[in-house]
Each structure stands twice: as structure tokens, then as C-alpha cells.
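Heads up, the next two complexes both have chain A, just with different partners, chain B and then chain C.
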Partner chain A sequence: MNADKGFRGIRTVESEPYQLPGAVTDILLQGGRFLNAVATDERHRKDVVAFVLRYFFATECGATASSAYTAVSARIPAERPSYASVTSILPAAAWAERESHDLFGLVPVGHPDLRPLVLHEHWPQGVYPLRKDYPLERRQTYVDASWTYPKVDGEGVFEVPVGPIHAGIIEPGHFRFQVMGDSVLHLEPKLFYTHRGLEKRVEGLDVSSGLPFAEQVCGVCSVSHAISYATAAESLSGVTIPIRASYLRVLVAELERLYNHVGDLGNICAGIGYAYGSTAGSALKEQLLRANAALTGHRYLKGSVALGGMAVDVTERQLLELERALSRIEPRVEDLVQAVVTDDVVQNRFRKTGVLSVQNALNLGVVGPAARASGLPLDVRRDQPYLAYDALQFEVPVQAEGDVFARYWQRLLEARQSFSLIRQVLNRLPEGPVKEPIEDYPKESYAVGVTESPRGENFHFLATDEAGRIARYHVRSATYANWPAVAKAVQGNIVPDFPLINKSFELCYACCDR
Partner chain B sequence: MLGPLRKRWNLGHLTEADEHLERRLKAASCRLFGRSLHVRHVDSGSCNGCEFEAMALLNPLYDMQRFGLDFVASPRHADLLLVTGGVTRNLEQAVVRTFEATPLPKLLVAVGACALDGGMIGPTYANRGGVDKLFPVTVYVPGCPPSPMDILDGMVTAVERAEEWDSQKRT
Partner chain C sequence: MMTAFVNVLQVLLLLVFAPALQGVIKKCKSWLQGRTGPSVWQPYRDAWKYLHKDEIVSEHASPIFLITPYIVFAATATAVTLVPVFLDSSLLASTSTLLLAVYLLGLARFFTALSGIDTGSSFGAMASSRDMFVSLPAEPALFLTLLALVLSDHTLNIVTVTAHTILHPGILLSPVFYLVLLAFFLVLLTETGRLPVDNPDTHLELTMIHEGMLLEYSGKRLALMMWSAELKQIFLYTLFIDLCVPWGMADDRATPLRLLLGVALFFIKLLFVGLVVAFVEMSYAKIRLFRVPRLLAAAMTLSLIAIVAQYLL
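== the complex of A and B ==
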């Protein structure tokens, strides 16, 4: 029997818990690209009575979004919640398996590194907050335990702890460097400090009230998360959004990419204390934020996307003002980057620093600008086209070097594409309504929503219960996929280059921690 | 001759409230902290939105340093803690230790809906839901995220209320 009745355009392959590695290998050999593994607690469902673990893959490049994904699904029996880990053949699945171990108590047998990930050492063992029988607000006492991490031994090897409270105005994370002199032998990041329990929070809510929570996943990729959630909800209900809304969504998504990329073109300079670059970049970013506010009423474009379309419409006058603002900003971005990259100090610090090889990028499942700067030609907008992207012309720039300079330059190449995409939308924005009402959502079903955020591919999983409310919501942000790559890229570099390398990836922590 | 005018046109400029803020801040911080006020930002589980807006205070359009305000790298150098986020379980110890490391008199400004009462997410197994569950808050700045000017205004209000708050603390 199929556990996934009513799933939306996702090919499902059933597997036994201990045959997962074989089933996953099959998909990988067919050219599948791993997205994420999602655990759900379906013990209360009479037709399932088990945990279900689904490994999602993007399988058909260039196909329509309805057949682009494959799920390998296994029922994990409640009385003995264990399965064969696939991490040894698919390193990108390492975190997902650790996470479902933390939150659901599913044991991946054969996982090479099954330390806690999401719940830190002070969380009591054997308590699994995302199981259905765990109440949302039940707090646990702090357990006195220590955190274990790999150590390097030897004469002259020192350990440098950094964080979670940092010197700058940034999000919290702990970094443990094993160093010899200035060289980093190993970097162990400890993340999930901002784990707020967002996924559990939305369980039991109506699908229609989940959208603002999707925007809360991350304050600075909120549009991308909102579109991912809305795509999943719309695919559940079978509603097609109006054509004007699909163009407007492209507009806000590209505006989001633009303020992030332009901000990064400045902020990466702060990694080497290059004040001209960071100051000029932050001024340009501020102007883009103000243009966002003039267009949608929110500097970070929150509240602009609605289920079934858009919550805001734009007037001709607003579009004219936006065009004027962008034509003022675009040449300044070019000027800024020209000034930065022709500086000897910048060349010296950016080139050959923090190299992420194409092999590592592939193994770890890296996405977004970081993947493209390392030679992986991935872009959801082109590979699994959504919204109006297949009607618009754009290129997916790819570079080979994979160093800080490549990731810096990548931001400029992509910002140019975004300027061009926005101009195309402004020139041929169709008339019509911007929202299609959604009556109701099917019961005991699920769907996924995948979009390309400024940081890469965002994957949302949305399942409904027997009343059509949210049974499980899971977000795998681009940041989640890319964090392990930062630790790899830092290895062999010097400690003072860490802020620079970190900024060149520009990963937000809240996206990853949820 | 047109240079400065054009620059102003391109960059935009702040409102008149700006000068008003400057006067208010001067009056209060001169009295209490001797001309300048040092701020330490603490993320207690925010979504990065409030961080971006706090960061924007340093860009040339807001340039908060001209008011004698600056962000510092250590809580030991700080007069004011700018807390964003609703205090997650994984950060609680770090936030408490940061608060304890800040010398008296210290002000605490809770920035953003999450810091006020946990925001949309509220209390969960992993989230406290509000900074005032742990520490007395001098000023709450609502918004998701509040704009840079709102944050600035919140800090100035905190400084104006510092005497009042500090005397409460002693009694």
C-alpha cells in the first residue's frame, strides 16, 4: 500500500528501512540530486502506524515542476525506530539524519557521526520534541553534559573558541578552530543556537495561516521562503496563480536577491577591513531597501506574497519609480565592484582564499552562488522552472575557481541578471487579478515547494492531517545545505581569513536553525 | 557647486526628527554617560531581520556614530544592550552571561516583535518567548523588523529613562 496517497506530482519509491542505501543509490545513478530527508510522525494514522522518512531528490532537469522530484520513502516502525543510514554513500544527508535522530529519535544505523545537532548537549536524552505526543510548550531542564567535538593533538596545536556571541552585529554560532600557528587544521562549527521550534509551532494550524511563519524562517530571504511555502500550499490545493501574480513574484524575488547580493558586494569587503567597499555597498543596499519599501510597504518585502498570488499589487507610478531608482543604482554597483577588484590588497586577499573544490561542493550538496562559483551549474529557476521564469531570458553564470574572489564576482554576475530580469518584468507585466482564492486543502496529503533564494535552493515540505490542517512543515534552507562546505573551505587557510571566507558564503543562521 | 546638492538628492536624507533625536540624546547621555553611549548587540534567537536593520544604523545614511553612539565588540565596554530575538533555549546561557558581563548602570533595549514577547513563534520547547522573562527591559521597540530610525529612537528613549530605571534598581 502506498503511504503517500494524494501526493502532488512527486514520484514515490517505497523502500524498507534497511534497504534505503540501495534505493537511494538507484536514484543517484539515475542522475538524481539530493535535496533533503524529512521525517514525519504518522503513528496515529491507521493506515501508516509508523514514522515515515522521505529522501527527496530532484530528478528531471528542465522538466515541468510536476514531475521534477522523486521521494524515496521508508516506514520506520514505532517499536524499533531505526534504519540503515545513507550518509556513507551520500554525505549530503549527514545533517538530515542527525536532525531526525535529535527531533524524532530515529536511529540511522551506520551513521559515521551521530552527535547531537539541533538540540545541544543540555537537552535530556530520549526526549524527542517533534513527535506528535510531545506538547509544543513543554520545556526541559538543563542537563549537565559536555559537548564533544573532534580534536587535533600534537605539539604546537592550539584550540581557538569563537562565539556564540560575536564581536559584530551578526547571528550566533560557535566555531572551534584547531590551529597550528595561524593555519586552521580543523574547524568545527556548532550551530542551531537560534533553533526556535518554528516547525513544531505551525503544526495544527490552518494551511492558510502558515504563510507568515514561513516569512519568519529568515528575515532576509523571507520572499523566497514565502514563495516556497505558497508553492507547496498551491500545489496541495491544485490552484494556479494568476499570470500577473507570477510575474510580480518574480519581481519581489529578484528585488530580494538584489539587495542581498549588493549588500554582500559591500559586506565581503568588511572581511578584510576595506572600508570604502563596505561603506559604499551598505549605502547602495539601503537605497534598494528603500525602493522595496516604496514598492511593497516593507523594506524586506514581507507580507507581499499571499497564498494564491500576491497580497499587494503595484501601480504604474510605483513601477516607474522603481525603474528610476534601479537605473540610478545599477551603474553605481558596477563602479563599486570595479573599484574593489582593481585594488591590489583585495586581489591579494580574495584570490586563492577559501577554495571550495567542485568535488567537495558536489559531495556536500552545496547550492546557490557558492555552488556556481565552484563550477556546479545549478539554479532552480532554470532547472525546475517555477513562476514566470521560463518566459524570461536570463543566464546562469558559472565559474571554476571556487575561491573568495569567485564568490565575490559571482554576486556581481548574478546581480546583473537580476537587474535584467526586473527590467523584463517591468516591461511586460501582464494586467489582471493578482490573487486566486483557495477554497480548501486536501486531507492527509503533502507537497513540496522549491525556490532559488539569494543563498541558493530553499526546499519546503508541507503535509496536512486528517482535518486538512498542517501536520508537518519542514524547511531545508540553502544555508543548511551550505554550512558543512564553509568548514571544508576554511581548512588550510589562516584564522584571520575566516571572517572573509564566512562572509563570502554569507549564510544566515536563522534559516538553518529554524 | 551642484556636487553636495546632487549627493543629497542621490542618497536621500533623514528627516527633521533627526536633529531632534540628536538634541535629546546629547542632553541625556552627557548627563549620564559623559558624551557617548556604547552599545552591545546580542542576538538571542532572531531571524536576521533585526540584525540587518541594526547594521544599517552604521551605513552612511544613518551614520549613528555622529550621535556619539557606537557598537562595541564586548559587553564589558557597553552601557546598553540591544537584544534581538525571543531567547532560545540554546542561547539562554550565553545571553545571561553577556548580561552579567555588562557593567552597571546598564540599559536593555528589546528590539523587534520576538524580543517583546516571542513574536509569532512565542513560547515553544526551544524558545522562551520574550527577553523580559529573564531581565528587566528599559525600552521595547516593536516591529518586524523595526526600521533603523525606530531602533535609534528606542535607544535614545532608553538613555532618557536611564536615571529612572537605575534608581528603581537600587531600591
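== the complex of A and C ==
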């Protein structure tokens, strides 16, 4: 095992496939926080000739983005693609290891649950679509097999299958409840119905044409994904974006957080049929969306970020309009939340419902508002600052309860910070260009881009091939990290509270699947 | 002869306007939420749509599933013939006892719950078990409330009680009356599947009570089940009006003009009850399932206090 430093600012620790648990333990003991594990197929590279599995950790709190990360990297030999799983010491890595098992055929020896995650049971065994020798267009035949999942036995225990198609217009996801009366003993979610093959699709494209794909990863966190991708690309090329662009990115990122959080403040009320809350919330969200459209030309802020800076610039007049709109909306958000939280039915339904303990949040690697509402003081914006966050004043609110109420209240606490951040940007937006041209990208290199989206940390991994094109692109959205926590938080609650608990996490399905 | 004709008219009126009441409440709720909302005639369009759709019946369903809509509709429609609407008599005035009304609704509820379990769908079974859980305290609460209202009349006949109340507007001054009014209203919300007990507008299958039991129905049978639910609602509102605010009803010597005034007054009262319901639904969220018995216990307590008070005051 040796440590070399400074690969695009990422400290790399090399490890043998079967020494991974030890190497990972070392990093964890140094206070590293697990982000994600990314597999790459580098068998065709003469200097590698193997699969490479990299475990990424955030190691240096308060450091700048470029030197804050550590990768534990292992070459997994092509002829015997197996390694020692770290899931038993790092439960947060469970899904990442299952995913690389599905898509690359890398076997994590000692993994407690190696059922298919991404590809479901109808995909033929032994076919690994993200390997380089698998052509993009190849179709697979349907395999007739049944899904296996943990079952609970006993008198009075019933199984309630829900979805993947629901009565409301929402994304597909299947949930198996093992219930006793109305109490949930175990919830087994089956997601990954919306695989679009984005990661495979961008392989071989120019780095510059990957951005639209990154924006489509998620419909409601598209700015955060775009900035993650752009950060990775810029860190690859070594370009520093203009200072005005870094402030403008903060502006759009916070506007995105704002419309999501305000929308959630209303939408969580729909989980208990509280019409006042959900209607008032969606009305406020609509006003924010219109403000977004007035500023960037897109209600969901798409197309505003470009590689090397921003694709749109703003005028003084637009900023004034935005400021006016926000000062109209902010007191109404406070009013809405005051009215909602003083309702005794809301108190009764929200409090002590869907509790996620700090220990579970830590073990599962939960991120974002859900983690902070459970007592984990995490925020990429503060811990590994990027863009102009270093120069701006904001707090990272943390609560201890971890119930639906805490997650609801968390949205308000964070929305207040976003309002304040936006004001600061509006007051001191520097003049200058908004885009720095990027000439070319280095060959056979990689970089990561990590940002704090409304749902938590979005992690993008971008590697280039021998021609400087995209060799591997991987996205771990905040949702991906948080889904296992929903199943945990539901345990012991009653079935009719599930929609409420689910809404309090407000996770997407598609960005988890890509 | 004239009275018999008007009595038939009364039943027809409730049958025809039951969906409209549902539409009106929906419209009021939409307005309160600042939305335009569907037209008040939407329930008729829905019914028309269901009647022209194919029906899909689960292969696991037994004949109970198939006959339930007819039983439920028949029971509810029979209940409707018991109550005076705008004339102080009813089609089945001689058998019009509160006991019969309560048990006709009970019969409908029993079969609805059976049909929910019948197809083996987990949502239906969950909804049925919740409905039974709610009805366990709801039925005695309804009965106690009705008892508190009719105690002083020494009869259970709805028509007699209504006529008696019309002659004695003095009860408006009694505090007992308002206790019962409140209790009756709580029971009304529960029995018609309204917030804070059940959310009639939700698409969240996991939280449904009444709607959950209907999930497996489609086509004509769904139309019939929906109509029955709307009929039950208008029946309970009418009963509420009869027992609590019957003034303005026409009697059998009334002129056609007086009858029309009775109809108008009935609609105004109905609209008012609907408005109050819409307002309550707007301002409340759904309470936790296990809290529903407490709500009904409150209704029962109010009724009990009312009964005791009638002996003391």
C-alpha cells in the first residue's frame, strides 16, 4: 500500500483488492466520510489492464474543494474480478458495491446482500452493460425470474405490495410492506425502474457535450448536477471560472434550493391531507419558479450553467426584480410555516413520526437536510467549500430529533439561509465576464465534482480516455444515499404514515437510477 | 294522494341531487383553496363515464363482490325513503324509525367492507379493516347522538320527532341542543368519510379508508358505489336537518307555493351544512388513525352529557 498525492487534487491510496477493508478502515479512523465507490473498466489501458474500483472519501473539513478528497483505489484483475467487500465495516457502501456487481461484474466477497440492485431479476445473468466491450445499442432478452426479498413470518403478519405504478402522478417505485395490522415490521423498496443509461451514453463523447446529460439526471436538482459536472470538467482542465460566474452559480444553486424547500414545506402537508398547507406552498413555489424564469429564462433554471462559467448573464434590472420578488415571498413562507406548525393535528402527525436516529443516519451515509435534521452536521458548502461559498456568510442548521417535524422545520431553517445567501450575492455581485473558455481536456485523467443540492450532496465522477473524451461518468445523487434511510425510518410506524415519511425525505427515483 | 305524490318527489329529489351535493362541496373546497375546481356537475359526468366503461372484475372475486353494489344501493336508497325532506312526512313514515335507518347504513357498510376483502387485494383489505375499526365507535356514537335528540319525544319515529321539533322551537334555547348539534356533526364527518377522519380527495392508496374499499370496482358497479356513497351523505345531512333545524318544512295542508318555499329552504340548509363541511375539511388535516376513536369518544361524551342533562334540567 502506498500513498501518492495530488491527482487532480485527490489524494490516492493504492490498495490490493483483498486489502480494501483495511485501507478503508484507515481512512475512516482519520475521520474520512464516505462519498461513493466508482468502478471503471480500464482493461484496455496498457498501464492498468484491470478494472479499477475507487472509494471516495471527504477527508479534510474546511479545505478547498480540490484537496478535500481521498480515493482508496484498487485494481481488480480482469481474470478474477473479485475483492473484499467493505460493506460490513461501512454499510453506506452497500449499494455502490451492489451496483458495480450488477454493471461491471465485480464481486464483493463478504457482501451481506448481493441481490441485483440496478438491473432487476429480468436481466440475464453474467451480462455487464457498463463494461467497455458491451455495445451501447445492444438489447437483452427478458429473463423470467422472480424477485427475492426478506420476508417476515408469523401469525397475523401480512405483506402489502405497493406500486411500482401509483394512483398519483409520481415516479415508479415498488414497496413491499411486511405489516402486523397497520404497523410496519419491514419495508423493502425496489427502485431503479427508470434506468436511462446516461452514464453509458456519454462515454466517448466530448467532455463539453456531456453537460446537457448531467442536467437531465434530475428534474428538480438540475442546477446542482450541472455544477457538479462543470466542477469536475473544470478541475480536469485546470480552468478557474470567473469570479462573477462563481457568484452567479451560487445564486442559481440557492434559487434551486429555495423552490425545492418551499415546495416541500407545502407538499409535506399533502401527506396528511392538509389542504391549506399544500395549496399555499404550491402557490409560493409557483412564484419562485416565475422568478427563476424571469432571471434565467427557465422555470427550473436549466441551461443556466456552462462549462467554464455561466451560459446566461443577468442585468441589474433583473436582479432588482428578483430582490423585489424574494422580499415579497419571504414573509409569506414564514407565515405559511407558522400556520402549519401551530396546528395541533400537524404537531401530532409530524412529531415522533418516521424517526431516523443519528446512528442510522451515520451508518447509512445519509446526506442533506435529512442528515442535518437527524443531528449530522454535514454540508458540502461549508465543509468542502466550492464556488463563492467561502466568501459568504451562512449557517448550517442542525437538529437532533430526526422525525418528520425536524425534517419539515429543517426546510424552513435552510430556506432562511438561502434567502440570506441570495441577498448577499445580489449585494456584492462582482462585474466581469461570466465564462472562461476551456481549450482542451487532459487525457486518461479523472476528477470529481461535489455540490450540495436541495436533497444533499451530489457526487460526479468524470474520467477521460486516451483521446481526452469521456471514458467514464458516474453520478451519485443525494437521493441514492438517502433511500436506504427511508426504509429504516418507516420501521415501527403505521402504514398510513408512510406517504408522510416518504414526503418528508422527498427523494426522486430517476436521479437515483440515471 | 297528493301527499303520497309529494313523498315520492322527496325521494327522487334526494336521489337526483345526491351527486350535486358532492359537487358543491368540492367546488366550495376549491374556492377556499383559491382554485377554480371542477364544475358542480362533475359527479354526473363521472357517473356517465363509468356507465360507459367496461368492467373489470378480479378473477379472485366471489359473488359477494358482484352483488355488493346492489345491496349497498338498495339499503341506502331505502334509508332515503324514511326521512322527511321538505314536507313533514316521508314515503315510509310508518316504519321510519331511527333504528332502521342506523341498521340500513350498517348493512351497507358491512357489505362494502366484505367486498373490500373479497378480491384479496391488500389495499381493499387494509381499508376494510380500518373502516371496521372506525365504525366500531362510530355506530354507537351515531346511535347515542340520535337518542339524545329524540329522548324527550318518547319515540324513535323520525317523522314524529321532526314534527315535534317544528312545534317546539324552544329547544333552540337549551344548551343541550348545541351539545348534540356538535356531537351529530362529528359523527356526520366520520360517517361520510370526511377529514379529519378520512380524506376523500387523496390519491395515496396507503392512507385510504372508504375509497380504498372501492379500488377494485370499475364500470357500472363503481358508478353505483359512488352514487350510494353520495346518497348516504345526502341522507345523513337530511337527517341532520330534520332532527336539528327542521323549521320551514311544509305540512300536508300546504299550497304548492308553500311547498316550493319548503324546497328552497331545504336546499339553503343543505348548502349551509355542505359549506360548513367544506370549511372544516379545508382547515383540518387528517388525524392519526388511532386517534379517530378519541374523536368519536368525544362525540359520545357530548351526547351522554346531553342525555343526563335532559333529566337534570
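FYI, the second predicted complex is superposed on the first by the 508 of 514 C-alpha atoms of A that agree within 3 Å, B and C clash if a C-alpha of one lies under 4 Å from a C-alpha of the other, contacts with A are read in each partner's own complex, and residues count from 1 in each chain.
Going forward, a residue touches a chain if its C-beta (ideal position, glycine included) is under 8 Å from a C-beta of that chain, and two chains touch if they have at least 3 such contacts.
All of these numbers come straight from a predicted model, not from anything done at the bench.
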### Task
With the two complexes superposed on chain A, say which partner A:Ser504 touches: chain B (first), chain C (second), both, or neither.
neither
### Task
Pick one for A:Thr464: touches chain B only (first), chain C only (second), both, or neither.
neither
### Message
With both complexes superposed on chain A, which partner does A:Thr451 reach: first (chain B), second (chain C), both or neither?
### Response
neither
### Task
Mind working out whether A:Arg299 is in touch with chain B, chain C, both or neither, as first, second, both or neither?
first
### Query
Touching A:Ala167 in the superposition: chain B (first), chain C (second), both, neither?
both
### Query
Touching A:Gly219 in the superposition: chain B (first), chain C (second), both, neither?
first
### Task
Please name the chain, chain B or chain C, that touches the greater number of residues in chain A.
B
### Message
Between chain B and chain C, whom does A:Ala283 touch in the aligned arrangement: first, second, both, or neither?
### Response
both
### Query
Thinking of the overlay built on chain A, is A:Thr40 touched by chain B (first), by chain C (second), by both, or by neither?
neither
#### Entry: Contacts of A:Gln384 with chain B and chain C, given as first, second, both or neither
neither
### Message
So chain A touches chain B in one structure and chain C in the other; where do those two contact lists coincide?
### Response
167-168, 279, 283
### Query
If you look only at chain A, which of its residues touch chain B in the complex?
119-120, 122-123, 129, 134, 136-140, 142, 164-165, 167-172, 192-198, 200-201, 212-213, 216-220, 222, 279, 282-283, 285-287, 289-290, 299-300, 302, 328, 508-511
### Task
Using the touch definition up top, name the residues of chain B that touch chain A in the complex.
10-12, 41-43, 45-56, 58-62, 71, 73-75, 85-86, 88-91, 93-95, 98, 119-127, 144-145, 147
### Query
Which positions of chain C touch chain A when the two form their complex?
29, 32-35, 122-123, 125-126, 129-130, 195-196, 199, 201-207, 281-291
### Summary
Listed in rising order, chain A residues that touch chain C in their complex are 158-162, 166-168, 181-182, 269, 271-277, 279, 283, 343, 345-346, 348-349, 494-499
